[in-house]
Structure formats: C-alpha cells, structure tokens
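Can you keep this structure in mind? I'll have questions shortly.
Labels run A, B and C following the written order; every chain starts at residue 1.
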Amino acid sequence: MKTITPTPALEQLEKLAAAHKPGYTLDNTFYQSPEVFARDVERIFMRTWLYVGHVSQIPASGDYFLFDIAAESVIIVRDEDGAVHSLANVCRHRGSRVCREASGNTNTFVCGYHGWVYSLNGELRSRRFMADDFEPFRFGLKRLKTHVFHGLIFINLSAEPSDFEAETAPLSTLLEPLQLERTKVAARTNYPVAANWKLALENYLECYHCSPAHPEYARIHALRLPEPQLRVLREEFRAKPNPNGLSNEHLETGYEADSDVTRIYYLRSPLSGDALSGSEDGKPLAPLLGRLVEHDGGSIDVSIGLVTYLLVYTDHAVVYRFTPRDVQTSDMEVTWLVRDDAEEGVDYELERLTWMWDVTSKADKRIINDNQAGVNSRFYEPGPFSEMESSPRDFAQWYLRTLCTP
Amino acid sequence: MKTITPTPALEQLEKLAAAHKPGYTLDNTFYQSPEVFARDVERIFMRTWLYVGHVSQIPASGDYFLFDIAAESVIIVRDEDGAVHSLANVCRHRGSRVCREASGNTNTFVCGYHGWVYSLNGELRSRRFMADDFEPFRFGLKRLKTHVFHGLIFINLSAEPSDFEAETAPLSTLLEPLQLERTKVAARTNYPVAANWKLALENYLECYHCSPAHPEYARIHALRLPEPQLRVLREEFRAKPNPNGLSNEHLETGYEADSDVTRIYYLRSPLSGDALSGSEDGKPLAPLLGRLVEHDGGSIDVSIGLVTYLLVYTDHAVVYRFTPRDVQTSDMEVTWLVRDDAEEGVDYELERLTWMWDVTSKADKRIINDNQAGVNSRFYEPGPFSEMESSPRDFAQWYLRTLCTP
Amino acid sequence: MKTITPTPALEQLEKLAAAHKPGYTLDNTFYQSPEVFARDVERIFMRTWLYVGHVSQIPASGDYFLFDIAAESVIIVRDEDGAVHSLANVCRHRGSRVCREASGNTNTFVCGYHGWVYSLNGELRSRRFMADDFEPFRFGLKRLKTHVFHGLIFINLSAEPSDFEAETAPLSTLLEPLQLERTKVAARTNYPVAANWKLALENYLECYHCSPAHPEYARIHALRLPEPQLRVLREEFRAKPNPNGLSNEHLETGYEADSDVTRIYYLRSPLSGDALSGSEDGKPLAPLLGRLVEHDGGSIDVSIGLVTYLLVYTDHAVVYRFTPRDVQTSDMEVTWLVRDDAEEGVDYELERLTWMWDVTSKADKRIINDNQAGVNSRFYEPGPFSEMESSPRDFAQWYLRTLCTP
C-alpha cells in the first residue's frame, strides 16, 4: 500500500522519543503504528545489510533464488563468471516480476508478460518492437549491492550503503577457523510471528527469558545464568587453552554507533556441564567445522548487522534472520549449516540437528505473540528492563535515535 | 492498530451531528468510519459498565476467566478471600499477556516470558534480577473497577467510572425476588455479526421487526404488537394480582441522561395466549427462579447500562451482551441462566431451553448483516423511524450527543 | 470503509500527473494508493456506463439479478410491462438490503427486516405503522439510469450521465447485422485478479503480449502481429467482398474525448490462415449469429465505454467486463453469447465454445498478478511503451487527465 498522505511529522516522533525513560521499554506506539512501520522500513531495512542466503544454495552458473522483504522481491543469482548478483525482480518495461519461481536454474530471465530478455547479470539482451531511439543499456534490471561474507550472502537495498567489508573485517578474522564458506544448508525453517519485528528482535537479544521459557536451551547453555555467575564461568572457560585456535576476544560494536554502520558482535561462551553441542543430550551432531580439531565445549554468538545472528557450535552453525512483513507480522528464519561434505543420514541426522532450535523457536514464537497482544493494550506502560536485558535496553535507545534522525 | 495521525477534528463530527434530522436514522459515516469507531471505543466502551460474566463461572478461589474488548484482555478472578477482581492482562515488565487460557484455576499468575509472579489480586509477588532500587509495589497488574450485581459481574475500564451501585439501586430492588445471584450459566453462545455495534444494538432496541422477522418470538411474546394494542394488553395484565411479588412498575432512565450514567430499564409484559415461558411451545422450561411461586404468564425486559440486556422469564433468564470488535464486526453473546440447583437432563433440557433465543439470534445475525451491507451504499440515506421504533430513535440522539461531547 | 479525513489534495495528484512522461507507464502510486482508488471510483466508475448483463438473463416479468460494484448492490429487474429497471438494493427505511438472492423471480421486493414492500419498478407499496404524515411516494427504491443496447444492459450510477444512446449510435448501426439482442448467455466466468483495475485493463488494451503469453490466441488471431504486417493483412482482408454485410469501417472515438463520454471502437480483423472462429482448431463453434450467412474468416473487436469489450466471431460473441473491487483486487468477467435458438450439446459444445477465452483469461490473470507484484516495488519506475502498445499509452494520458479534473 502506498498512501499519498504525508507521513507523520518528525516532531511527533521526536516528542514520543523525548518522553522515553532510559532503562524502560518503548511506548507501544512504536509497535502498533503503520506510520512508524513505514519509517522503520525506510530508515532501517532499506539501509542495513540483510542476509539473504548461503552460497551453497546457488553453486552453479544460472542458479538463483528469490528474497522478499516489504514489497520487494530480489533475485539472487550466480552468473557465468561465478559472480553473485542481486537484481530487483521488476521488468523495466511495464514492471512485471521477471522471475516467478522461488529458486531454480536458468540461462536468462525472460519476462512472462512481453518477452523482454535479461542476462544473468541483469543486462537487457533483447526486446521486441521498441522505437528506434530506444537505448537498451538504460533498461537493465536494477542491481543491488551484494557482498559474500564467509559464504553468507548479504545485500543492501540502499544506493549508497555503508562499507560492509571494512566494518566486518575484525569479525572476519575471528570467524576464519570455522570456514563457514565451506558449509551447506542442512535445513531451513520459517517461524512467522504475529508481532512487530522489534518484539521478535528484542526477544533474541536477551537471555533473561531463557530459564523460565526455554528449559531445553537452558539445560545446555550457560547464557541463561545471571551476569555475575556467567562472568565467572566465562573467565574460567577462557583461561583454558583452546585447541581449535578460536579467539576468546569479546568483539562488540554496540548500539552507540551510527545507525547505518554494520554492528558486529563475537563472544565465546561455555556450554553447560559436559555438553559438546546444541543438541537435546549435549552430544555432538555433525562433523567438526572448518579447521576445528575437537569439540571444545563452547559456542560462539555472532551478530552481523542488525537482524542477522549466528550461533556457532563446533559442529554446526545456526543463522537467525528477522524480516518485517507488516506492522504486526514478522518472519524469523532459521538456517542450519553443516560441513559441505557431511552426508545426511551418515554424518548427521536432520531431526537431531534441528531439535534444539526448532523447539526453542516455537517457544519464542508463542512468547513473542503474547508479548504483542499485551503491548497492544491501553493498560500497557513501558516497564523496567532487568540487569540481564542490557541488549534490548540499548537497542531501544539506538532505535529511537535512528527513527528520529531526519 | 494505533495511528499517530490526529483523530478527525471534533468540528467535523459536530457538523455531521448537526445535520442529523431527528426521527431519522444516522448518517452512514457513523457505521463506516474507523475514526468514529475509535471514538466510540473511547467515549463509550471505555467509560460504560460492561457485563463480563456470572459469579457461577468462578465459584472457588483462583477460578478465573478472560474478557476481551477492543485490544484489551481482562482477567476476572476470585481471590482467596472470595473477592472478585478484574486485572489488566498485561505484565508490568515488558507487557506480555500473563494469562493465556480463556478460563481455569490458578494460585498465581506467572508471566510465561520472564517468570514474574502475580498474586490473585494482582500484586507482584516475585521477579528475578531486578535493580536494587526496584519497587515491586509499583508494579502490580492494573486493577479495574468491578461490581457484582445480583450475580452479574460488571467492570469498567475507566479510572473514574460513574457510581454503578447508586445508579442501579432502584433496579436492584425490583430484581430482588428473582435471586439471579442464585442462578448458574446453563449455556453461552456468541453470534458474531459483520456490522457496526450500533446496528446490532438498534436491532435489539425495537420490536417493529419482530412480526416480519421473528415468527417464533412473535408467537409467544406480546411485544410484537403495535403500541396501542400492546398498551391495552399490558394494562389488563398489570391489573391482575401478581402471585410472585414482582413489581409492575415501569422503571426507565432514558437516553436523556448524562452519557456516562448507567441507564436502567425494567418492564413486565404479558406473554401471548397461555404461554408460560420463552419456549417453542410456550410451556415451562426449568424450575421457578428465586422466590417465585408460579408461572405468571409474564416476562421482564431489563437493561443495565448501554449494552447489557436481560430477558427474564419465571423459570430462566437470558443475558444479551454487545461487544464491538472492529468498525464492522461485533459480538452478540447470549447467556442462559437457570436456578443454580437445577440439573441438566432432569430439571431442564438444554436444547429446549436455548431454542427460542438461538433461532431468534440467528435471524437477527442475518438481518443485521444485511443492514450493514445496505447502509454501506452511497444510495443509503437516513430513513424515518416508525412509531414502534422509539428506542433506537432516542438512542440515535443520545449517541450523537455522546460522541460529540469533547 | 468511509473515512472522514479529507481525500488528498488535488494538487498532490496534479503534481504526480505533471511529472508523467508521455509514452511511459504510470507512476506506481496510481496502482497502490487507497486515496487514488477512492477517486477512481468517484471520477470514473460512478460516471461511466457499466455493462451489467444480457436481457436473456431476465426474459420474464419479475426476473432479476444483482450487480455489485464497490460497496453498491444494484437490482436489475424486468417489470410487468417488460421494462428493465436498475434499483439501488437499499431499503429506504433503515437501509437494509431488500434483495438477498443473486438472481431469481419475484412479484415484489419485501425487505426482510421490517417488511416494507416495493413493486418491481421500485415504488413503495406498503409499510407498517408509520406516522400519519408519512409520504410513501418519497420512499421508493432509488432508480438508476438504464439502457439496453443490442440486448446488453448498461447502467450508470450518476444522476446525470452522458447521453449513451447518442454516443453509441454509430456503433449501433455497425452491430446491426449481428443481432446480439437475439443471443443468449451460454456461459459466464469470473477471473478475479490481485491487481488494480488499470493493470487488468491495460493488459486487455494491447496485443504486444499475445505472442509471448498467449500461444493459443496467437495461433488463431492476426492481432498478435506487429503493426506494419497487421496493416497489410487487414487491407487485403477488407478488399475482399464481405458476404455478411459487415462493415469494414474502423470506428474509434479515442481517449482524446471528454472523460464522461462513452468511448466506442469497432474494427474487423482477419483470423489466421483458414481459421473460422476463436476455437482451439479454428473450426466453427456454433450457428451463425443474426443475419450472417457464412463464416467469413474475420472477427470484430468492439469497445462500449471504458470497461466493456466485445470480441465478436461470426458464430459467437465474448463480452469482457472489468470491475474494481479494491485498490488491488479486480474482477474480469467473461460472458459467452450464442444465438438464442442454439441448443447446447446439439448446436454447440460448452467446453469447445469457452476453450479459447478460458485459457487466455487464465494466462492473463497470472500475468496481471505478476505485474501488480512488480509494480509495488520501490525499484519500479515508469517504463517505455512499445509501438504495439498505443492503446494503453493513450489510456494513461486520458486517465491522468480524468483523475485530475476537479
């Protein structure tokens, strides 16, 4: 929907933001207003780097898949030279989608309406009966900025995005031993929620809820613990020599940064007791990733930008992606990555592999839906964050700043 | 949805109200505009006393049920001391629903998100890892005004509601012989309509449509008759001595009153011929209510506030409740009450008991839906009320006054 | 829905219209904005003549059917004198629909709410218990302008529509040999699309897409050809003497005309090769229409007003009708007409008869849906029309002029 009434004046948003009490949750207008949602899309999702998929999904020339966000459909395609492109799925003639299938392989994209033909890098190859002064080079599919990071494909819908490569360089070094570019997608599931994307994200950003809401996760992970206990445990863990060459550095560019800058985060934590992976029984699930040599009893939390999160165990990685659909509808997509040479049924069992984050995501879906239902009430008022919720607390501040920047 | 654009200026509403021709139906803007609906919710439903259920639904300590209106969810619960409370179903931490089940029994309300625990009267009992200066007494569930009237539980979402007890005192005396507090819910059914709540209410307020639309009701009730005939019949009826001690007073605080005052209405009418109850064949359906001693051939129409109506026969009572859901979606809930010691299958048959108001409500649902469909037309224009439609006629005037009060 | 916020200022629309580049498609605001849609309904659909059905659908007195557009329901009915009326389906009492069935036969329309009775021409016949000064003649069902053109029933929702009869007179003469008033509806199917009505219409207006998208149609019709080739073929075709007395005139009142004037169009074209009708194999499908004497290898494209199109073969006619439902929902209804004395199973097979336009309409539905999906993108920008798209090109100009006229 595209209304032609003006979006609400910046002053109104500034007033709401000014009334915000630090350390408290946001006013519920931010989770309910279609105008705020439209602004979220513009200010955040059309500027931030978005994870769209893994290179293993398009290994060969002509392989492609679609990524949707808001009203946008983007074709992610590998061309004849092996380069990965992101093309707006909009014919330059009369605007039809040029690609209908969610994924596939093709030599060209032929618009099903009037037969215009585009090459894999988006150039207009042929068209019929256009005027003599028609300049085909001006009518290629619009190309978006694309970056492949350790096998993870990121795109940016802005014409002038931030410098992803420079911003993620420190993180890149730390992830090197894992060789995520040499993994493949073992499973991928979407968990849609009836909630504003910020409620879904805020849920992911803290582990205050892990003990009461996620007994399965809490049994295996130390993150459920209150900060003082967790800190002691972490220090003990880091003091031990790491056989895998994984860094114990705590890398974090927090919410202080400019809103367009790609936030990064890297932190290793111990698993509980003698757990070795994110499985129901703590036992390993798949062959060791990359150059790792043993199950070291730890896991790594990673964030790459605002809405892409990795949870890396020694034998698999989970990619968590948040995508807004509507003011109170969002997608949480979970992708499970294993070594690219691992064989299903031999090296890993799909059900065991996905168990932990399937059960946890289903619980989160319920929690987030209940959260939105309550937040919609006139009796809701911003409540105080606990000590274990510093991340959503900081996110709230960052968000208000970002939304109100002209 | 919560838009941050200003609601339409009062002047626009005043202009529409000023153009209203007394004795005619309302302009269709009032049945179609989301802005008017939002104002209806604020000006009327957030101020008026609302029937939410009967005490027999929560006999024991910890028994509870939920009541929903607009975006609100309210917990109606009996505490350890037997008191009935209404609590906003919104956790004071991050706003989640704290109660998920539509009804049940519990010792405490534990928020499923971060484990905050509330007692049955809403006080915050425990919470985890909050800052030292956290003051738990400030974070109880919000409590709404609640009043139990002859076993019927009413709540008010306003912080300063009108004085329900004083306003309903005259009605209370008249209802006394019926002992409605000693009844129980035999059945409860919702009849959702695709119409604005005012069209549903206006349907209930007149019996001009009874003859053409409700042959089942019209056969048993005298209300279908035109006013002059009905008046004669009523006078004859009232002249007879009443064995049950029921008053023949016509109690009515009409639509002249202040909009926030609880309107009350009480009027006994004769049933048709030798009918003794609101049944298919006119025969009794259940044991006599309260202190009544015989089927006296009459029924009582009662209204308690704007959207709660009772139709009391000597052996059962029907509670009619209107709840707005959206600008063109409303609920009509019908509750059948019988003596609390009556046994289903022995003292009454459920199907016979509910027959009359089930068939009548289904017909009304169809009628009201057709009414909204027609009212949405640009060819609709306000039409003249008949002599038998004085109640919806007066309601229209009251409504315009109420909506336009600043 | 009827909002009471003002519709967006004319200036905003004028600015968008002024920015339009002739020869290019429209800005996507025109396909997405609810405000523009509301204006489309007012400026175009409430003023233009609309095809609602064929006289063969209501042969006898009291026969009726309903036609819906936007929030309107209109009763098309034949009265006792054989006249066809169009009546707003809105009771003049409290606005209920007075007719519930999509089609049928009746002596009167009795409102199901309070029993008001209307005659077949809309006059109020009886009502109950109205005040003494009630003037029944003021409360008939509202009657809309109606015109029967060669058996096709057109209505106009405006109080002062353009002069349909005068405007279509030249077309009327040309259609005379076909005797469409002596046909009957053999089949009728709706193809709803998830697209703005303009995208559906623009699809119908050009045959640039016929070759790539409609192989079935393209095999039988010459219209798929680029204009120079088509022109040669048409001239050859017209040079041949026509045995059926059909005119080879090219009648066209284009998009230059005043927006309220009924546009008309008539053009005969050759079918491909030795095809004789719009069938899968090019063979005839039904008895010759009207006074025609042989299958002459041609077909006639006709337009009557903005949203009604005929494709006439020598043995059947197809009526194409576009109806807006919502900003991105529209109906495309296809009606197949054959001689009124043709017998199904004897003179024609339903499946053969409908094959061509069923397969073509299903393809168009897919194409139009894909077009809307792409047009909704922020990466859409108006694209250049080809030489074969002069009609949608001219429509775009006409539309902007019409929308922006105060």
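To be clear about the criterion, contacts are C-beta pairs under 8 Å (C-beta built on N, C-alpha and C of every residue); 3 or more make two chains touch, one makes a residue touch a chain.
These numbers were taken from a predicted model, which means no experiment stands behind them.
Trainee: If I list every residue number at the interface of chain A and chain B, are over half of them used by both copies, so same, or under half, so different?
Mentor: Because under half of the interface numbers appear in both copies, chain B and chain A meet with different residues.
Trainee: What is the size of the turn, to the nearest 5°, that moves the C-alpha atoms of chain A onto the matching ones in chain C?
Mentor: Between chain A and chain C the superposing rotation measures out at 120 degrees.
Trainee: Between chain A and chain B, what distance separates the C-alpha centroids? Give it in angstrom.
Mentor: So the centre of chain A lies 48 Å away from the centre of chain B.
Trainee: Hey, what residues on chain B touch two or more of the other chains?
Mentor: 5
Trainee: Using the touch rule from the top, collect the residues of chain B that touch chain A in their complex.
Mentor: My answer: residues 1-5, 46, 71-73, 88-98, 100, 110, 112-115, 127-131, 134, 139, 142, 157.
Trainee: Any idea which chain C residues touch chain A in the complex?
Mentor: 5, 8, 12-13, 16, 25, 28-29, 32-36, 202, 208-209, 211-213, 226, 327, 366-367, 370-371, 373-381, 383-384, 386-388
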